[in-house]
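Structure provided below as structure tokens; questions to follow.
Read from first to last, the chains carry the letters A, B, C, D and E; within each, the first residue is number 1.
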Amino acid sequence: MSAQKSILYPLVAVLVLILIPVIGVKLGLSYFFAVVVPYAAFITFFGGILCKVINWARSPVPFRITTTCGQEKSFDWVKHNKFDNPFTNRQVLVRMALEVLCFRSLFRNLKMEMREGPKLAYGSAKWLWLGALAFHWSFLVILLRHMRFFAQPVPGFVDVLQNVDGFFELGIPQLFLTDAVIVAALTYLFLRRVVVPQIRYISLPSDYFPLYVLFGLVLSGIGMRYFFRVDIVKVKELAMSLVTLKPAVPDGIGTLFYVHLFMLSVLFAYFPFSKLAHMAGVFLSPTRNLANNSRAKRHINPWNYPVKVHTYEEYEEEFREKMKEVGLPVEKE
Amino acid sequence: MADIPKPEELAKIDHTPPETPWMETPTVFRDGMWCYGAKPQNIEAVGMPNPREWSPKDEDWKLPDNWKEIVLDGMKDRLGKFRSFKLFMDICVRCGACADKCHYFIGSGDPKNMPVLRAELLRSLYRKNFTLGGKLFGKLAGGRDLTMDVFKELWYYMFQCSECRRCSVFCPYGIDTAEITMMGRELINLLGCNIDWIQAPVANCYRTGNHLGIQPHAYVSMIEFFCDEIEDVTGVRVNPTFNRKGAEILFITPSGDVFADPGTYTAMGYLMLFHYLESMGLDITWSTYASEGGNFGFFTSHEMAKRLNAKMYAEAKRLGVKWILGGECGHMWRVVHQYMDTFNGPADFLEEPVSPITGTKFENAKSTKMVHICEFTADLIRHNKLNLDPSRNDNLVVTFHDSCNPSRGMGFFEEPRYVIKNVCNNFYEMPSNTIREETFCCGSGAGLNAGENLELRMRGGLPRANAVKHVHEKHGVNMLACICAIDRAALPTLMEYWVPDVEVTGVHELVGNALILEGEKKRTTDLRGEPLPGMEDIEDEDL
Amino acid sequence: MKIYDGRKIIPGILIAALIFSFPFWLNFGKAAVPPKPRLPKGVKNCVKGTMYMRTSHMQLLNDWRNLVVRKNVRIFVAPTGKEYAMSLQNGCLKCHESKADFCDQCHTYLDVKPFCWDCHLAPKENK
Amino acid sequence: MEKSRRDFLKIGGISALGLSALPALKVLAGKKQPMYKLSDKALKGKRWAMVVDMKKCWEKQQKGECKDCFVACHSFHNVPQIDNPKREIKWIWTEPYKNAFPNLEYEYTDEVLKGKPFIVLCNHCSKPPCVRVCPTQATFQRKDGIVMMDYHRCIGCRYCMAACPYGSRSFNWGDPRPYIKKENMAFPTRTKGVVEKCNFCAERLAVGLKPLCVEACKAGALVFGDLGDPESEVSKLLKSNYTIRRKNDLGTHPNIYYII
Amino acid sequence: MTLRDLLIKRKDDIVKEWFDLVLEAYPDESKDFFRKQQNRFANPMGHNIREGISGLYDVIVDHGCDSEKAAPFLDQIIRIRAIQEFPPSVALAFVLEFKELVRREVSAGHEELSEEVNKLEQNLDKLALQAFDVYMGCRERIFELRVNELRNLMFGALERANLVSFPAEGEKEVKENKI
């Protein structure tokens, strides 16, 4: 599929997906879009990820194939790089935490040394790390901030997040940094796919689709907060009714909210069937989550089977005379 | 006049490749980029499928009729056996962080050499045949059918990956292209389409114990040849033993050290070290049966790797040694470190390795019971057990090339450096993004050091050579040290092309040069027979 | 069906499930009580329509603030012709006499903490 | 602050428009534009100014201490009374002659002036340096000359305090509310971290009243009016009296004039 | 203004264009990387070609394509091109493509220099021929290396297995022949 098609087809798909709730709500299907779709999406997300993880777990890790990125544990007098080459499970935990929370591996690209030219040039990879980190963290913070709709009373951490996030007290309602950051990060992630020839070449429709869905999700959310407001008291009533399993749809929530909710549902439902499964997969990656202690501790391959080998006896049988000639000891004379 | 094109117009042929997506860009086999196909007798020798006369350039690869089924069944089987494979098929987000980390991509610019695309070759098949989305949406979901062209493309690019794992270091999910290449090659081998440069050593190793098919008597006489050479240089006669039962330690090194320069000088280094330690209580033997540390089976399939590797423990058990000492080798150590115990363990007939000289317990090898000779030597030097004269290496300005497998599959960085720094006075590191875990491959790893694919090797080795050239120009480096037999075989050619003034050595060759043996004569040459500057004149006066 | 590394993966799944279902168990068995802001007695209309005031009163207040402080415009004329002082303390709060019964109802429900009250004085509640 | 927010809204708005045209149109269409106005009674002027006749003030003071103007201003505007001089907040207060007019003081200054207190407040300069330095335009100048503060926008950077040569500005180091004896419910307080100062009773001018201090001064020492109107009382006073301004040579063009 | 002055003045721009022309031969997906990655170790090809081009430029401008001075720079570029999959016509086109760059410069308001340009073009033709020699040298080197590898392997093995014998001095000669 050509790059243009890869970029366009998913865009069309997402635009159609946006129209669905818009028309649906007009047709009076708000219960379907406010209750059925979100529940279904949530169940798909949960069930799908569970199936995916179990599916991965059904394949064993036959060998201990840690990728080592630092000095292994050796003599006492050799400095062991504990977190890039863990020896114990505890060190693996730290390595995984660095990987999951700070994107350590992408960060490796940050190293800066001798560069050509008069000014310092930064490799694009550094931006990738920054963009990815900015996106994932703001997504998480935004998700957690939404807890204000899902809990009564609202837990304290939400307050803290809102205060930090709205630190600059810009505008009314106050601008959340993460809102701006996530738009910027998504734009960056999208643009680099479109603009950098290498990345455009390797990108599939399934790389653009989630980006568009995220754009739809984020922009509809920002739209609701800053421009075309909806009655969020009712939004919370709906949200609370969903999480207390007593679904009831209040009248008069703006259409934009349904778009937002639908995009979220699409994203959640799409998760387990796509590359987005990396969210769970990153924890299972055998090159990262295993200690590099395979010489000190035996690793078992559950499907290890006996193989045909060329035994010493067969070997000696073939070469006995020649061995004797040069004085090599033999088992049988 | 006007009709005659100007030269620059002639030259302006549009050589930009057509803007087609990769799935639709056919793969053209370029000479110098591929290796000859496996010969039938070498496939037969180890009982692998589909032995026949064939060439990758042929239109017809003479595959069985149900070849697609075989590949797809093989894929299914492996998805069930390797979580790594299944996971790596699922979670790549195509972020492109790996793209410019592959030495083949850096050196050639062929986009399909980007690790992500190399893996996509297999992933597209996975999606089409094993995922719902791919079955339903086909190309839209990034899936594609297995056709002969696709299979040939897979073949072409699976043998343009040296399994160096550099991309894996930078991948946010640790996706390891080596793992994917290994799976790809396993599938290829189900149809008997290995390259002969791998298949022949496999067949040889299976039968004679080493890749070159050298028979036991020849093996012994070669080592005796080294003993003569050592005597020439040092005046001391070393007496190694072979297949000796009851020895304390079994020594296994890649056969490259015994057969090809400059590895042979490294072998002399081992011999001298063992001789030196003999009086201090070292009791070591070589084996002709387990005469190969390397494992080209590892470039074929896990099963073949296990079959070849089995000889190490089998021989150790037969000879009744306490533990095994391994020579300098790259992929050998990947196998020993990460696979051997799992393949053929537990090695409960051996004892936890203890250095007979220093009493150091090698805690990090207590299960596999195999110790790297650089660990062993570093420990000796640390305990001041070696009498060294580093000035004998003063004619050398040394840099160290971290070999891929010990670097990224083991984390073996400090020990060889410690040894080098103690036996050489002039040591300079290459730039930091080309060493340690970020080291560049020699371009010839994973069984790709054939002759017919020299262009591929020169391209793949360009990043490494470029860094060597830098230290050569900046510090006058003239010796590239490494701890890998493939490196020692491939790097000299690479250097001859890119940086002709730099030679290649193993770490223990440097040790051999510096080691002062008891009763030795005044050395006037190094192990290579080249005169040591400043020492040749004095010779006569001393006499 | 054999699951490998179940001892690590299953607790992992459980922890993840626990985190993701956080809103469900946090509210388990609780009845959600929607807010009931007390509307002023005797006054039917606010300065703008109810829907607009529900969703965008903060925007209005902010716009007013700008107009009053920076443009020195201080009277709002509703479409009905009725004039209102554009002032929180001297306008809005004259009708909506209780911050607790009106403003805080929804604000607390939705965890909105406007900084109006950092400067503007809320009417003293009748005790 | 306003600007950046607007910019963000613009960019975001454009992209959001595409997404949700329907609700957007709903909001944009139909509504009658509401009207805003200023009270008919509001005082209008081109250049508000004040003439302080210190002689009248001193006369009054001799009869007994008078703080009417300060009290009227501070109690209405919820100015906290903090005794710590480093933290005190003041809109209108007194300074001795040598502080109020340092450039006019010399060794043999008239005994009449030496040590005499002068009423000082924000000078509502025609060329206010505080406005120039404010990074968020929280301090700005109205068309009628009043130097106003928009406390919502103040980020507490205190550049204005550094720029003001008259020390007319105070900074709230903490929450001022505990220091306000009786809160005036008709006027807001300030919050921690903002600068404040005299606003020439802009809120009173808007409803046709003169500044509180002027109204409170029984001696008639404070006269407020429009210098743009030649018939105004202030214009006449300036014509008929010799007046001085604080630190005239700095070129800020203060609009508080003193008769001594 | 002489042609030399013009070329010195415009060096940065022309070299950049020339570099881009050389990269034209690579797929879009990699061109960008070769152009943008500034770290000389992460991008040895881009680095060497850029350096070679720039050096060659100076030689052309200052030394009239002096073959001795041009040799190392030609080598720096062509050594890489020789192991990539270009036919010589593409691999070496960059020398001749330089002519067009110069003509474009001159036609933009410096027509009076066309006489000098003719001379430069003659020199460039010589340079192109020299480039051909370098290219052939590299290709021959590749084949030589290929042969040497095989021979060393076989020969070394035979030698140590005592399957070949030499006259007393022969051994040394063989070693030296190895290059």
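Simple rule for what comes next: a contact is a pair of C-beta atoms (placed from the backbone, for glycine too) under 8 Å apart; a residue touches a chain by one contact, two chains touch by 3 or more.
Quantities reported herein were computed from a predicted structural model and do not represent experimental measurements.
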item: Farthest chain (mean CA position) relative to chain D; value: B
item: Pair joined by more contacting C-beta pairs (A-E or A-B); value: A-B
item: Length of the line joining the C-alpha centres of chain C and chain E, rounded to whole Å; value: 71
item: Gap in Å, rounded to a whole number, between the CA centres of chain D and chain C; value: 33
item: Intercentroid distance (Cα basis), chain E paired with chain D, Å; value: 76
item: Residues of chain A engaged with two or more neighbouring chains; value: 57-61, 113-114, 171, 196, 198, 201, 284
item: In chain B, residues with contacts to at least two other chains; value: 19, 83, 99-100, 111, 114, 221, 431, 433
item: Sequence positions of chain C contacting 2 or more other chains; value: 4, 115
item: Chain E - residues contacting chain B, complex; value: 24-31, 33-34, 37, 39-45, 47-48, 79-80, 83-86, 89-90, 92-93, 96-97, 99-100, 125, 128, 138, 141-142, 145-146, 148-150, 152-153, 156-157, 160-162, 175, 179
item: Complex interface listing, chain B residues touching chain A; value: 19-23, 47, 79-87, 90-97, 99-100, 111, 114, 116-117, 120, 131-133, 139-142, 165, 168-176, 179, 206-209, 215-217, 220-221, 242-245, 288-289, 302-303, 306-307, 310-311, 314-315, 318, 336-339, 341-343, 345-346, 360, 363-368, 370, 375, 378-379, 382, 407-415, 418, 431-433, 436-438
item: Contact set on chain C toward chain A in their complex; value: 1-6, 9, 12-13, 16-17, 20, 22-24, 26-28, 30-35, 51, 54-56, 58-59, 61-62, 106, 108-113, 115
item: Chain C to chain D touching residues, read off their complex; value: 48, 65-67, 69-70, 72-79, 86, 88-90, 115, 118-121, 123-124
item: Contacting residues of chain E [partner chain A, same complex]; value: 28-33, 36-40, 42, 47, 50
